[in-house]
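Per-chain numbering from 1; labels A, B and C assigned in written order.
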Amino acid sequence: MLSRTAENLFWIGRYMERAETMARLLEVGARIALLPSVGHGYRSEWDSLLQASGTAAGFAAKYGDPVQRNIESYLFFDRDNPSSVASCLERARENGRIVRTALTSQVWDALNTAFQELRQLERQPRSELDLGRMTEWTTRHTAMMRGAIEATQLRQDGYDFLGIGYNLERADNTARLTDVKYYVLLPRADFVGSGLDTFQWTTLLRAMSAQRAFHWAYGGAFTAAKVMHFLILNPACPRALITSAKATTDHLDRLAQRYGQATTAQDRARAQLDALRATTVEAIIDEGLHEFLTRFILETGEIAQSVHDTYLSGEAR
Amino acid sequence: MILSVSHVTQYRYGSPVRSLVQSLRLTPSVFAGQRVIDWAISVEGASRGASFRDGAGDLVESWSLRGPAEAVVVRVEGRVETTDLNGVLQGHRETVPPEVYLRATRPTLADAAIVVLARQVADQGGEPLALAHRLSAAISEAIAYRPGVTHAHTTAAEALAQGEGVCQDHAHALIAAARVLDLPARYVSGYLFSDAEGDAHEAAHAWAEIRLPGLGWVGFDPANRCCPDARYIRLASGFDAQDAAPIRGIARGMVPGAGGESLDVTVAIQSVQQ
Amino acid sequence: MADSIFNEMYDDGRVRPPYARLEDWVRAMPAALRAMKQAEAEALFRRIGITFAVYGEGGDPDRLIPFDMFPRVFTQGEWLRLERGIKQRARALNAFLLDVYGRGEIIRAGRVPARLVYGNEAYEKAVVGFRPPRGVYSHIVGIDLVCTGPGEFFVLEDNCRTPSGVSYMLENREIMMRMFPALFREMRIEPVDGYPELLRQTLASVAPARCEDEPTVVILTPGHFNSAYYEHSFLADLMGVELVEGADLFVENGLCYMRTTEGPRRVDVIYRRIDDAFLDPLCFRPDSMLGVAGLMDVYRSGGVTIASAPGAGVADDKAIYTYVPEMIRFYLGEEPVLRNVPTWQCAKPDDCAHVLANLGDLVVKEVHGSGGYGMLVGPKSTRAQIAAFAERLRAEPGKYIAQPTLALSACPTFVAEGVAPRHVDLRPYCLVGEQTLLVPGGLTRVALSEGSLVVNSSQGGGVKDTWVLAE
């Protein structure tokens, strides 16, 4: 497969996943903002959300103070924000148009329909659009796309590049979403275990459509340790870091086997997965959740770089 | 005359380049006025690719290099036995029809001043050969040799207006003027042996050739007010300087703003004792 | 003028035989059904993403070209004659190209002026003396034809570089077959869907002699911003070959490679959809970002085939066009089957004077123009427009040629009021490789506004499916 085609597929995966995350982030933010302010206030909650999505600087430059409505526009529609839902969908579709023939017609349809509907959505007055509808619309389309890929794409290298894109992005995003919780949650150590703490964890789970799954898996009350285990170390959770790491490793293993060549990307992904398998929630808390997540995000970036160097750059011989 | 050539061109890059491709026309032309005794081209760290003789008779060689590389050195070493043919390109095999060289390119486009200059020379009448000589002399008069006042993209019209330039400008102007008179003309790049008297300007040199009825292609060097003789080594031809460039190359993966490309050329031509 | 127009469906009020079945078809189709079908066709086009402008015409890449459901029909007899003429022309154009980059016999023989060829911007010095595999320069020849009466065809222009629009020929048929299967069952229409495979075979047949295995063919596109990107991607898909951009290719050791996830893979034949000037920054425009550095050196030394060959454009120049009948006689020893439109070369003072005196009756085109821009349609222009054009013509006569306005045939076309005749042209795509091949069909373009002669999609033109009936 052309390296450029692989690159386009990889980015379709990344952008679709990122679009979904942005929508979920907005939902988390909106719910957290419904809370009575606890000492540090409304403003810093939205701040942390922008921080976690890596869009704080861009937003500040354009709007200054974080006002919810502006944040919604910025994270959803704004083309100046390369991570906005609209930017991501548009770029995913553009990548798809370039490699149109590497996609099945169902996958193209899903991608193209999302894009066409987005254009209609943008024509509607903002006052008629509530946040819930926007996030629901986004997750519906990203799910349709994912479904079309799973149901119709040939299990060839192209499928693996899509999968690697999706899973690296998901790993990165789950880590970032969890980090939002960190930023918002720990204003003071004595909040841990409080009603507020629980509310925030619930919100996070809800944003990941994982609230019921959590109950099914753990039963009983929310505790920080349980939620952390669920989102990081439980292979049954579809958004857990370990689940994404496993999927990335599997895709890379298949590629290496298909091409008859072991790669550094494979080694790195495997090392990350093994480390997750070996660790515990206690160990993570000891290291510090934020520190752990930061390190994980960095490692994920390195795996992406290896994938790029090995397969996507076209420089490998 | 036996001339020995040592020509080293070094490109340095502000940031390492990923890869580099060059197309070289650095081998002396095959014609009655010159015979290669030995000749070697090398590009450090690169591999030699496609090679062929083109329709204009030039030997083209491709080289490619896999980076990262911070510098590339093109080295030419060789000896050529030359004979003075009064500028006539005798016995040169080429298949490009002369009419092709009636086409103007940006640097060789004649403006009103060049048209006037050419017409004035033509009005004096005479055989095409005499006319060509007078045309070359008129360009020598109109453009004084002065390095540093023109650059790689200066056009014939600009050089004439300025009244100063280097061999590239002389050649462009002569080509433009000859085409005004419906004489096919082209740019030639090569080497020039500068003897002790020091009347020759540049070792890596350029001049023009004009197609004359009965004689074929004849070289004129307005920069030195003469026709190419045994001191000249002819390498390649083209519509203009860019088209006749002995070295053309493109580097991939240059970082914009990282210092770009710098060039260092040394050419030594010596007359070998027989 | 209306009286003299040949209507391809009706002759003296009677339906011409190839259209007999279609008359019933139209009559049996109520307006509501028609509208539904039309909407269906449009939805199909949009869905498959065939939204592009014909090359060189510019325009919004997401724009749909109007599709007219009323097919244009040729009998087998009509087509056989056309086929003979098209293949003859394609062969002569290739013979001409091989000749003018070789010994130049036609010029030595005084049949074509040397300056017209050698002085032409499209004459490529870099390939002089090079003989491409099988001696073919133009592997896909698109010939634009118009009809003025039963069996009376004129060639408007030749396209030897990279004629576009063939994806419409294929998609139009696909959509017609989906929407009106009954017509296809009854009318026995020659298929065109073999085209992509024939194109692939044609390209594979001109692989360099050095290529010993099954040749690797690719399509080189300027990229997804290009208005014809859909066509490039569509053809690559149907041919089962990679669609590459310049940056996907590189040269090394005298060969051309593409960058793949498994490392470099050798490329043998490049069907390029970019212009000569952008092919190789080392040889042509140094600022080209679309091409491949060093490609021309590899091509010239026989390491890769480029189709169409660089330099092929000199054969389809509008000034050279006049000499195509001469080429047919010179190289093939045959009389031309298809006629040229009489053409005045404004570069010639006598011709120019004639053109200036008769601007109101003539069509004047730029020699190097395309897409219907920069042209004057005398009978459709106001006095002021004609006067303004005359100024431009006087200033640069060499830029223009002129032709009489032909009474282009008209085909029944769906319009708001029902069915009405509209002017059409035809572009068949002739393949030249080991064999000279032509699929029975082509792209019919139709001028959708009443009386208009301009079929270019950028100026209100649409497309139709083109049928050739089996015996």
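Here, a residue touches a chain if its C-beta (ideal position, glycine included) is under 8 Å from a C-beta of that chain, and two chains touch if they have at least 3 such contacts.
Remember, predicted model here, so these are calculated numbers, not experimental data.
Colleague: Name the chain whose C-alpha centroid is most distant from the C-alpha centroid of chain C.
Modeller: A
Colleague: For the pairs A-C and B-C, output the one whose chains share more C-beta pairs in contact.
Modeller: It is B-C, judged by the count of C-beta pairs in contact.
Colleague: Based only on mean CA positions, could you tell me how far chain A sits from chain B in angstrom?
Modeller: Their C-alpha centroids are separated by 59 Å.
Colleague: Approximately how many whole Å separate the CA-defined centres of chain A and chain C?
Modeller: Those two chain centres are 48 Å apart.
Colleague: Calculate how many whole Å lie between the centre of chain B and the centre of chain C, each centre taken as the average of the chain's C-alpha atoms.
Modeller: Chain B and chain C have C-alpha centres separated by 41 Å.
Colleague: Tell me, which residues of chain B touch at least two other chains?
Modeller: Where chain B is concerned, no single residue meets two or more other chains.
Colleague: Among all residues of chain A, which ones touch two or more of the remaining chains?
Modeller: As it turns out, chain A has residues touching two or more other chains at 315.
Colleague: Name, in rising order, each residue of chain C that touches chain A in their complex.
Modeller: Where chain C meets chain A, its residues are 47, 49, 224, 229, 233-234, 236-237, 242-245, 247-248, 258-264.
Colleague: Applying the document's contact rule, which stretches of chain B touch chain C when the two form their complex?
Modeller: Residue list for chain B touching chain C: 19, 21-23, 47-52, 54-56, 60-62, 64, 66, 95-97, 99-100, 102-103, 239, 242, 248-250, 252.
Colleague: Applying the document's contact rule, which stretches of chain C touch chain B when the two form their complex?
Modeller: For chain C paired with chain B, touching residues are 101-102, 104, 107, 114-115, 118-119, 121, 123, 125-130, 250-255, 281-283, 286, 293-294, 296-298, 300-301, 303.
Colleague: In their shared complex, at which residues does chain A touch chain C?
Modeller: 1-6, 94, 97-98, 100-101, 108-109, 112, 157, 161, 255, 259, 261, 311-317
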